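Going by the order they are written in, the chains are A, B, C, D and E; count residues from 1 in each one.
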């Protein structure tokens, strides 16, 4: 009986965690590796949702397919963002770039409002309402499964990229010591721009899936920023694999918190687990100091 | 050489004295609106000085200072509404409670370093939102009207704010010139080396955190005097700290004058932009980026670098 | 092995940090296949000279050419691609990367990537400790181990010219001896070296040409075999 | 008209002199133009300007002290949906722009801080569109007057909707978050519902922004909840509804406040999930009220909006319009810009507006009527709010029969 | 004379790798102990453990008769243990003078006025007096090393831990450093000194200890140690012909 009633929250928590990880992964990369606090991460994610929305409206594509178009667009958005703005303040401390990203955040929110109006939007598809029913006590929404597997897929690819490819290693080297990285033949401005572009590609995928799972508005980005921060901090900055575990922990904490202590404890239990993790492992699960 | 220095100094002090005099007499010659502007500026100066003390000097970049704004405001609301304490008693208590809470939080938060501290401080503030939204004693999400503030005149609040603003500047200056300040700056640059040179890391951070919490708590109290209505999402909103980050970074982080310049710009800009409905915030964002692109170290930071001159210097010679 | 081709030519460069002029009209010539040493007291401008050559500092005056190409305005990463590699002073490694990754990053340039495996073997032969610590974070290495890693990493780009700042800094005597032997061996294979070394005797012994710097200027230069230790000392302390 | 010019100017109030100098009467309107509440502010300033055209048609409003008519101007400022900002901009309107009155609408986050500012600076203020109960906490008021419905009315309205659908087990599931609306509403619902024989299943006050509702849904399933009620922000309710559907939970009737106020919210829920959702209706084009300014009907106002903005009507339209009606009426009756006089005239208001009769009681509020509505999908996929219940105000017609149970 | 610092069975491990392996040693009050050993032998780790930056897994450290194994680094500094870093880590945004002042005010516990005189003295003593108002971030490597010594001195140490302060210096500069160390010694300060440049260090050291793989392989009078076969093998290498 206990098992039966626990099955659903457990599965939901884990799958929700996948989505959380996906939201946080791009953040983990810029935050953990490039030491950049990107306060616009959530808004850029929602920008992708809107892009996808625009495409579905005009081309009538299935929202899931818009990923093919949205990710490259977001790559260029990220590339340009880094190249035109953030690269200009390399080595000038962590606070100035933070303010720039904050500027971008409010510009994005208000531009989205101006373009798309304050109306609620959603990327509707028949996926959203389907579930793979397993038993009476357990049913798994298809969209959750898609979210989770997309997260795993992105994490695998990104991990491979950062750990095993030259550009990936170059990104990490550049953030460790920019001047010495130049001496290795790394064009650090370019490599940073590429890194931001890639981070935005993951945000694009997250944005499309978030848009298919939840409604969104021009101002929804902030709440995803918090989730992203939580995931990054639990997982350990820059630990790409850590984000998945962190996402799942956060998802489980919330869903199980709601299950055992009542719904009012949902966010709170997530936060408390987060803080507890931080106090016990101040450098995150997979981080090192 | 020495003579020039001293005359320079006396010019500086008379200028500062004159400035204080002007500020003190604003209600006599200015409109009520001008008084309100100076009120807001003074409060943001106090708040920004405290954030700057943490971030610019102690290297503690906090995204959770709204905790103390909220606590200051809520203490004011609860004590005046429920217990009939006077406004000034309540504000004093708000500062003290903020200090106590800060001391407690320090044991949690100081285990974390760098950005981990930053995020944890924000998460703590979000926890405050959830707690206050569920806490029947403070009327949950409904919020509390601070009715005793209805009767207060803008001038009264202005003097409280001004006192807070000026004393925050003096306080920061005193701290920076003290043993504590030197330790903080050393710690910001290299914690390990500072520690092996005798700087008590935890204690220094703790004092700094508590001081800034107390003053921010006072600021919260006075801010909510002019607001007269408090509810959890706004009181513990990240937007307080975002505003203060804007102020300190635009003005120049790690300088004493920077937060003052930043506060003036921020308040005037906010007021000016409120007439451009819908695009006001957009312009604010563009402004933030432009200023930082032109002056990456903030206005005062960049000016000081160019002119090699500091109005309030914490340099030892 | 010595040929007469001039590999690197520095023609009267000036470099300043703000108001402070760190290099004045510095002239230097490095022939292909030789070992050249730069000697000078603390603050003489040796590191600044290296930074100017490798593109980290822009000369305000003068010209630097490498294999007859003008590289004065080139960015650091472009210069590396042309075949100049530098060991920065004080063993600056990438602390967040493992030892192996540090080495692999060393062969970032297109040409070096192809020879990665071979170069890696050579590095491990030179510094066996690096193989032992291959999967550890470079940030956890001891001071001397870092220096070794920095040297190994520079060798990984298989450069035509290596700029070597503070060769023996922090290394145990045994290792220092080894390194000079290796420099000789690698030089035999055709790689050119410019060394900064504090031990005057050792640097005169290891090089063919020497330049002595004092307060941003070259005050003495010549064949190492023809310079006496005394004259060098005199030159660089300006007595 | 026997007084000489010099005499009268000596006796004129500062307010009147100022208005004379600038040539108009100024009304300050803090409104959420941006931020999460921007949907509420969307109809501004279109509605206000429509009313203004009528108000200023014959030169505006007579000011006795000046012995002439002055046009009315409005100044809308953005609260950014932030209570702190709302208080700031309201203060600026009072101190800098020196407005003669404040008009404020839309949710406690906008109205409460502005009411507090009004009391501080002593400025006559008319507010609408926030449940009366939440607004009353700031009282007793001297300068602020409010019009909207009470939560008590709302609970009655909800129960009459459920009453018109016979076949359910009277087990009600709560969806109240821990924001101000959620808390106020839950308290009153919990007093009223059991008295009418309803059994309550309350999963607790959850925070806004909750992403997973499976715990609630499972509890409702287990307790066989057939009626859902509450007050939720639209994105959260949409998430809830989708997840309920995915988990195979289908209540017989859903009546949730605020969650699908705007047609776009309904559309964004996606598919046909929103079919049959019921809610309270504050105002609709189908009611019988007319503009006190022009006599135009609610329907005409809606049609004009649809034509101008290309959007469906929303209940906000009527309230924004009614606010302007009250302001115009008060100014006309006072015929003076003296603040104390304006304040007193507001208290004596007795006006039939676009949202119903307004008559403030001694606690400074006036209740506006509620109806019951249901969303149905029409041809071409558009969503329409039909009026299915008028038990509380039988003079307003219903437009359809309730669909029950939910498809 | 008594031992001012005694180390018993000190063990430090990172993961499985034992960097200090049950190391025991001691320094007499007022003497200079030279420490040599191959790269990675654990010399810096020993200093880190003595100064409290690293907590040992086993063993104890006794200072002036008091066990300080669990005492915080700041506390140890105030008790009189000062140190330099092998990789200099100045406070980059403070001036040279302020860098030193930190030691005087916090480490030595002087009032700022009293510390001032002391710091000025140290500035000229270490030869960076003319750089005193320069931001430490702009110093050359050598000046950073001098600053390291100056900062450590400012804490008014009874025991000074030096980590390769002469590395990278020219011969003349090394001589100057030697002189500085000599002077410090004459003030009665006990010194533990890690260095790879033996020639110079020898003159000043009373005892020489050789570490290898975390063990104290031999310790004694410098000449004897250098002559030992073992040390030649692990550290010096066979002298060139």
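By our rule, a contact is a pair of C-beta atoms (placed from the backbone, for glycine too) under 8 Å apart; a residue touches a chain by one contact, two chains touch by 3 or more.
Computed from a prediction, not measured in an experiment: that's the story for all the values here.
Chemist: Smallest number of touch links from chain D to reach chain E?
Modeler: Minimum step count, chain D to chain E: 2.
Chemist: On the document's contact criterion, could you list the chains that touch chain B and likewise touch chain C?
Modeler: A, E
Chemist: Compared with chain E, which chain's mean CA position is the farthest off?
Modeler: So the chain farthest away from chain E turns out to be D.
Chemist: Across the interfaces B-E and A-C, which one involves more C-beta pairs in contact?
Modeler: Of the two interfaces, B-E and A-C, more C-beta pairs touch across B-E.
Chemist: Could you state the distance in Å from the CA-based centre of chain A to that of chain E?
Modeler: The computed centroid separation for chain A versus chain E comes out at 47 Å.
Chemist: Taking the mean of the CA coordinates per chain, how far is chain C from chain D in Å?
Modeler: Here chain C and chain D have centroids separated by 75 Å.
Chemist: With chain centres defined as C-alpha means, what is the inter-centre distance between chain B and chain D in Å?
Modeler: 37
Chemist: Quick one: which residues in chain B touch 2 or more of the other chains?
Modeler: In chain B, 130, 134, 278, 281 touch at least two other chains.
Chemist: Two-or-more-chain contact residues of chain A, please, as numbers and ranges.
Modeler: Chain A, residues with two or more chain partners: 109-110, 113, 264, 267-268.
Chemist: Please list, in label order, each pair of chains that touches.
Modeler: Pairs satisfying the touch definition: A-B, A-C, A-D, B-D, B-E, C-E.
Chemist: Given the complex with chain D, which residues does chain B contribute to the contact?
Modeler: 31-33, 36, 40, 130, 133-134, 139-147, 149-150, 152, 154, 226-229, 231, 233-234, 237, 239-240, 270-271, 274-275, 277-278, 280-281
Chemist: Show which residues of chain A lie in contact with chain D when the two form their complex.
Modeler: Spelled out, the residues of chain A in touch with chain D are 5, 8-9, 12-13, 16, 109-110, 113, 117-122, 124, 126, 128-131, 133, 139, 141, 143, 213-220, 223, 251, 254-255, 258-259, 262-264, 266-268.
Chemist: Considering the complex alone, what residue numbers of chain C touch chain E?
Modeler: Chain C reaches chain E through residues 17, 41-43, 47, 89-91, 129, 140-145, 147-148, 166, 168-178, 198-200, 233, 236-237.
Chemist: For chain A, which residues count as touching chain C in their complex?
Modeler: The touching residues are 166, 169-170, 172-173, 175-177, 179-188, 238, 288.
Chemist: Applying the document's contact rule, which stretches of chain B touch chain A when the two form their complex?
Modeler: These residues of chain B touch chain A: 55, 61, 108, 111-113, 115-116, 118-120, 122-124, 126-127, 130-131, 134, 238, 242, 245-246, 248-250, 253, 278-279, 281-282, 284-289, 292-293, 296-298.
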